[in-house]
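Naming follows writing order (A, B, C, D, E, F, G and H), and every chain is counted from residue 1.
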Amino acid sequence: MMADEMKNLGFARLDISRGERTGLPETIYCPGKTTEQLIGILRAFQEKGLAVLGTRCSQDQANAVCVSQLPVKYDATAHTLLLEGRRPHPLPGAVAVCTGGTADLPVAEEAARTAEYFGAQVERFYDVGVAGLHRLLNSIDSIRRDQVVIAVAGMEGALGSVIAGLVKSPVIAVPTSVGYGASFHGLAPLLSMLNSCAEGLSVVNIDNGFGAAVQACRILNLLHHHHE
Amino acid sequence: MMADEMKNLGFARLDISRGERTGLPETIYCPGKTTEQLIGILRAFQEKGLAVLGTRCSQDQANAVCVSQLPVKYDATAHTLLLEGRRPHPLPGAVAVCTGGTADLPVAEEAARTAEYFGAQVERFYDVGVAGLHRLLNSIDSIRRDQVVIAVAGMEGALGSVIAGLVKSPVIAVPTSVGYGASFHGLAPLLSMLNSCAEGLSVVNIDNGFGAAVQACRILNLLHHHHE
Amino acid sequence: MMADEMKNLGFARLDISRGERTGLPETIYCPGKTTEQLIGILRAFQEKGLAVLGTRCSQDQANAVCVSQLPVKYDATAHTLLLEGRRPHPLPGAVAVCTGGTADLPVAEEAARTAEYFGAQVERFYDVGVAGLHRLLNSIDSIRRDQVVIAVAGMEGALGSVIAGLVKSPVIAVPTSVGYGASFHGLAPLLSMLNSCAEGLSVVNIDNGFGAAVQACRILNLLHHHHE
Amino acid sequence: MMADEMKNLGFARLDISRGERTGLPETIYCPGKTTEQLIGILRAFQEKGLAVLGTRCSQDQANAVCVSQLPVKYDATAHTLLLEGRRPHPLPGAVAVCTGGTADLPVAEEAARTAEYFGAQVERFYDVGVAGLHRLLNSIDSIRRDQVVIAVAGMEGALGSVIAGLVKSPVIAVPTSVGYGASFHGLAPLLSMLNSCAEGLSVVNIDNGFGAAVQACRILNLLHHHHE
Amino acid sequence: MMADEMKNLGFARLDISRGERTGLPETIYCPGKTTEQLIGILRAFQEKGLAVLGTRCSQDQANAVCVSQLPVKYDATAHTLLLEGRRPHPLPGAVAVCTGGTADLPVAEEAARTAEYFGAQVERFYDVGVAGLHRLLNSIDSIRRDQVVIAVAGMEGALGSVIAGLVKSPVIAVPTSVGYGASFHGLAPLLSMLNSCAEGLSVVNIDNGFGAAVQACRILNLLHHHHE
Amino acid sequence: MMADEMKNLGFARLDISRGERTGLPETIYCPGKTTEQLIGILRAFQEKGLAVLGTRCSQDQANAVCVSQLPVKYDATAHTLLLEGRRPHPLPGAVAVCTGGTADLPVAEEAARTAEYFGAQVERFYDVGVAGLHRLLNSIDSIRRDQVVIAVAGMEGALGSVIAGLVKSPVIAVPTSVGYGASFHGLAPLLSMLNSCAEGLSVVNIDNGFGAAVQACRILNLLHHHHE
Amino acid sequence: MMADEMKNLGFARLDISRGERTGLPETIYCPGKTTEQLIGILRAFQEKGLAVLGTRCSQDQANAVCVSQLPVKYDATAHTLLLEGRRPHPLPGAVAVCTGGTADLPVAEEAARTAEYFGAQVERFYDVGVAGLHRLLNSIDSIRRDQVVIAVAGMEGALGSVIAGLVKSPVIAVPTSVGYGASFHGLAPLLSMLNSCAEGLSVVNIDNGFGAAVQACRILNLLHHHHE
Amino acid sequence: MMADEMKNLGFARLDISRGERTGLPETIYCPGKTTEQLIGILRAFQEKGLAVLGTRCSQDQANAVCVSQLPVKYDATAHTLLLEGRRPHPLPGAVAVCTGGTADLPVAEEAARTAEYFGAQVERFYDVGVAGLHRLLNSIDSIRRDQVVIAVAGMEGALGSVIAGLVKSPVIAVPTSVGYGASFHGLAPLLSMLNSCAEGLSVVNIDNGFGAAVQACRILNLLHHHHE
């Protein structure tokens, strides 16, 4: 029951068939991997004709991979590296990715790029933080039309609470380490989101745009299965 | 656009029409409310013919309400108080509520009772903690069939990670304050769940079974809308 | 220069003339004081014909004082005990006291009663938390007309940020210990308020309604001096 | 009601008319902005003939902007970048900015420069920490004459308490990250200031000289409105 | 070399000759001891004709001991229980025990009573907190004349810094758990005292009046030895 | 009894005979040591003909030592530097070293290399984290055959709990600082492991592969003594 | 492979055959269990003729069980409840249980009683804390003769480090919540033990005497298997 | 009364006559000071013919000062910079400076160099940590002869407790940031020292060798005054 097609590269156990098994394709967490390891993993996917997304990929890693002539695209804001290839079926519905400020963009784009790689349609609502509430209220009708909301915010992290009180959809809140002093590297928005007075909010790790995207796409995937 | 039918009782602003607006009916957070306030709120719902669920209701509050002859049922494990009345439409799909140990039951039952009140079908998988992995593996095929999983665990809180690695559905993890010493009242499982090496996990506040149920039902509600 | 009229009761050094010196009259912090000490202090003020306010006064302390036939009024929500007597001149302007939820009332009323004792006019805007934004937006025009805003909120403490983004006045934010789990007894709203993305917000200690009132009245007092 | 003149530059939503609306003009938070973004924002203000202040501007950012020939002045202690242009009306009253030690200067100057940009008169009282009390006592009569006091201190952060006990004005305390070891990057003075035994003190985030200045100027602005 | 006369009572190892060895006589830490154990220990000292001091002795423990007809005196503020008997030689010099507020009295009196039991002369300066600096300045000349200062303060704990900047003697700072909210049970004054900008300050555990007294008397004891 | 052969190099007190006394030979903690100190220590062991292991040795330190012509081998993953020489007797039994992910390798290899230096047989089971449970279950029969298990994991640190529930041997859990955000540099897996719901688990410091190896070899050493 | 004889009582899944499988018999964690549940579980073991140990059993629980006429013995210090019956084979070797002070006794006795129930021989060395080093040095030769050491200490928790530096055996350190103030309920000794400068120490949760005993007996069990 | 001779350099207020007033001469805290400021301050002392000690002086600062031809000596371990000149009278007695390990040397030498500058005689006892107790016991008789002990230790910080239990003198404990992982930058030894089970210990900030020296010399200074 638990057997699976797993390509062992010596330094890592790839999970090539994961796409079929869990509904969402494999991704590569780049930190700590050498150029050789990274290229080796990418080639393994390329041989299968599969696309794959690397996350938290540094500019240096991206540069090194580009030299290898692999068909990759690097997004310097999201820190994602996309190997072109066969992509999964599109997911039904759409994800709204919202941020409190412009400094939250890297985390938001990590979420957006990951969700797009998984086949989701993404709508971006950036710089709609609660300090200027009109910005959020101007966009709220569009946000309401999406099936899942990812709310990315640092500092006091109130964005998630305010949105969750205004929409019916599940809201996935991502605290960011944007801030200083008593932010304690994202602890403040993390606690804030966990203690939301609004309902319909669940939280992922600080700066974990990727994790929010996976959760959002697992939810969209449910719609997919119900459609078929 | 933001107007709504809200019954003002002086001490609180009820949100009677919330069921129609957000897809999930109103609930009552009981702590800090006097018997008079609680009965007053219940009567307001009763007049509308609506059911309503009170959460974190103490045995003393429940006893006091029972004297009032209101048609209520108290669940001493979940600490929920249900006023009988018109219930929402059933939600599609089902929620699996899993616990690590028996001490997590009150939180799990808060989640289960809340989800049932919202119209969800709930399957319970209790005492399937990772210290005896066979217990979880014996149940995993059933858990996989449910659309959303709520994983309730105290102590080291590993249950969420292990389940999220075994299912396709979104997993909502609820850390509990069960434990002692370096649990620091639930901080240990909270951090553990936020740092899960598994994907597809989002987290609510410590002991917040209610919040997990709302999030689960918002997700099921998406299926509902896609069905119609 | 630093000499002042100070009545020494053995167990405490009263500061009877403080009203003239600092513009705000003396108050009594009741916790830890015995009934005898409390009555002794109250009598010292009564002999001068002065009113005085006791804060954080328990029901038991209040009961014990009432037996003494001193002309006092106890507010069981604010936990304040007011000795009737000569009051300070009214302060110009008004203070808006806002709360996120009904559970924040004791802290809000401590702020309101203290400000009223200092001679301020107080407007109360309770249960206007950000989870139901329409409640706040319905009141915002009135809040804007007041000179100072005290924003009292527990849980994620977002109320201060949202209000500070909507008004011109200085906002004094009071985190409360209302909440559970990852609230860590008010740490969550405290950090949230300190990290506000909105400008014009300063913060006092958790549950410190009294401190917020003093700060608000020091501000109103500035207007007073400019008027004269 | 919530519409406002907002210039959208693609990467940020400027709030040009904010000066008229809130009484205090816009500022630019520089961290994380590219040279191009920074220059773009400055040009937008320059086109309107408005002055604007950039805060937390690094020496590198300042150098890059200077090349652009925009009429800016950089303060290397305060890390502020001022674009010359039409300034707001002067505010009534004055702000006293006090520091415990010389290492607190950058935060104090951020506060002072910001308040001056907002039109306030600023008096500086630096290196008056409580370890050598005579330094503070020598200056206290001058400090007392100002309408608002900003007390900037790291290490044990006692300056705010001592000043608040000696003046009638509202004191805004700014903890700084100056210190080491059990300072925990400013946690020690932050907690110290929040727990002040003195009344009339409210607190902003660690190192947040800017926030203290905004709060001080909102207070001075009240006097302004009462004057007219 | 390490042998000593130690009376073994089964449940504890008494150190009767400790007075001669370390210069300071034995004390008894009462918490967790049963009445029988406490009386047993006291009788062992009585048989030797020695005085002994019990610290953190509850009212219940004291009542139970009194029934035993042992010649003891209980101090309900300091929570000390003194068995009469042969006392150590007086120590040279004097200790100044200062407190910020009246709520710090139990800790201060624990320090004072312990130092007196060890043979030290104690001067008390209570309620001289920094919020009303004149109270401290009025007493500072007397405090300066003592050889060691114990500064007891809760809330923001600034008393130690201010005194250490005004005297030549070593200052031992005792943070107390007096306070609420962001005091976090004494963490705030503890960190404050450890980060003192003043020199000549060392710190003991929260509420540890006893420990401060031992340290003070070890210092006085040095003078003693130099005298002989 | 406590005398021992200790070579004093001026800057450190070597413990050459420690192998005979405690059953496990000396090691060198390299951080903070200059090249000269390091070479001096190595030569002292070389003169005795003894092997010795340096831990946490940086690449720079290793390079500098290599120039000295001492017979050393550097492991860049484990950061260990082995001086060749007389080795201790082999230990009975074997240690299983398991990791959650590939990023835990440096800590795991520190443990493995240290145990091997002490004479233990080591089996490596890497990348068997609980997010993909089948990987662990595939290896569990082999793990069960070893006498001691070292479980190295970052992020949520659940590996230790799951293994301890599946084997009879003592499990030594090593939390790693692998992770980000709410990992708080290894606090999350540390708390997780301390709160394990499984029995038979004890924990060492974050990233302390060395400490785990010492504990494992002290255990194996017991078998040794029982054999002889 | 993972099937086992598990008696399902509805409220809990007993693991009767666990003794044969893991080498150590089942125990019952009593907190949160009702009298009915507790008696039910005990009867299930009694029917099999097996002994079983309940830990953290309150005096009230013990009293209630005694009424049931089950053959149990309650230890009010260790808070253990032993049902008489067939016991496991004795384990080889012995465990030394050491404490810093008398207040650590409940945790130490939990460890000792649990180890004895598992069949281990236990030697107790109580009140040997490092403040009076001679007490420990007097016992160290006996401690050295035991195969495993359990070091139980609160306050600064130095006992583990000192012992681990003096013996060859593995030391299992148990921090206790004994202490006050900056002990933060056992955090101080926990951190102290994790950071031990001595080698050969691993740590269990605060107050977890039970967990230390399991780990010690897993180690002794290894000797057993090697003997046979 | 509070007037003093204070040379104002614009950027700092020097306290030249402090030596006469407090018994201990001025020192300079170098971090954050520019080369110009540092040289300016040194010249001010040189003009008076006074020696002065700079602490936490970086190698770069020292190099820059040396170029200025001022008669200074830099200690690269202690990070102290001594300007030659008239020194204070020697203090009576001696200070023992002890360290747990060699990595604590910089903090210990900061203490030692500062005490020597103040006129104290210093005895160094380095690398006497509790993991190898014989090293401490070999030196304890010498340590006992000194009037004050400074115990410097990182990791678990047990050195202070063990020494305080073995000597009569006051012990000043300095936690260091030496360690990793759960040391949390010195929090572990700080808490350990504050919770010492031994009496006669007081604590200064993490890595604050300077503060310990001041406290030690204030104590020695008492002897001085008693002698004369």
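Heads up, the rule we're going with is that contacts are C-beta pairs under 8 Å (C-beta built on N, C-alpha and C of every residue); 3 or more make two chains touch, one makes a residue touch a chain.
It should be emphasised that the depicted structure is a prediction, and the values quoted were computed from it without experimental measurement.
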Message = Rotating chain B so that its CA atoms sit on those of chain E: what angle is that, to a multiple of 5 degrees?
response = 180
Ask   = Most remote chain relative to chain C, going by C-alpha centroids?
value = F
Key: Option in E-G, D-E or E-H whose residue-number contact pairs overlap A-F by over half   = E-G
Request  = Starting from the Cα centroid of chain B, hunt down the chain whose centroid lies farthest away.
outcome  = H
Request  = Would you mind pulling out the distance in Å between where the CA atoms of chain B average out and where those of chain D do?
outcome  = 45
Inquiry  = Using Cα averages as centroids, what's the distance between chain A and chain H in whole Å?
reply    = 51
Remark   = Rounded to the nearest Å, the gap separating the Cα centres of chain C and chain D is 27
Key: chain G residues counted as touching two or more neighbouring chains   = 132-133, 181-183, 187, 190, 194-195, 199, 205-206
Message = If we use the touch criterion from the header, which chain pairs count as touching?
response = A-B, A-C, A-D, A-F, B-C, B-F, B-G, C-D, C-E, D-E, D-H, E-G, E-H, F-G, F-H, G-H
Message = Using the touch definition from the top, list the residues of chain C that touch chain A in their complex.
response = 100-101, 129-133, 154-158, 161-162, 164-166, 179, 181-184, 187-189, 191-199
Task = Enumerate the contact residues on chain H facing chain E in the complex.
result = 21-24, 92-93, 147-148, 168-170, 172, 190, 194-195, 199-206, 211-212, 214-215, 218-219, 221-223, 226-227
Query = Where on chain B is chain C touching in the complex?
reply = 2-4, 11-13, 15, 31-33, 175, 177, 185-187, 190, 205-208
Note = Counting only contacts in the complex, chain E reaches chain C at residues 102-103, 127, 132-135, 137-138, 178, 180-183
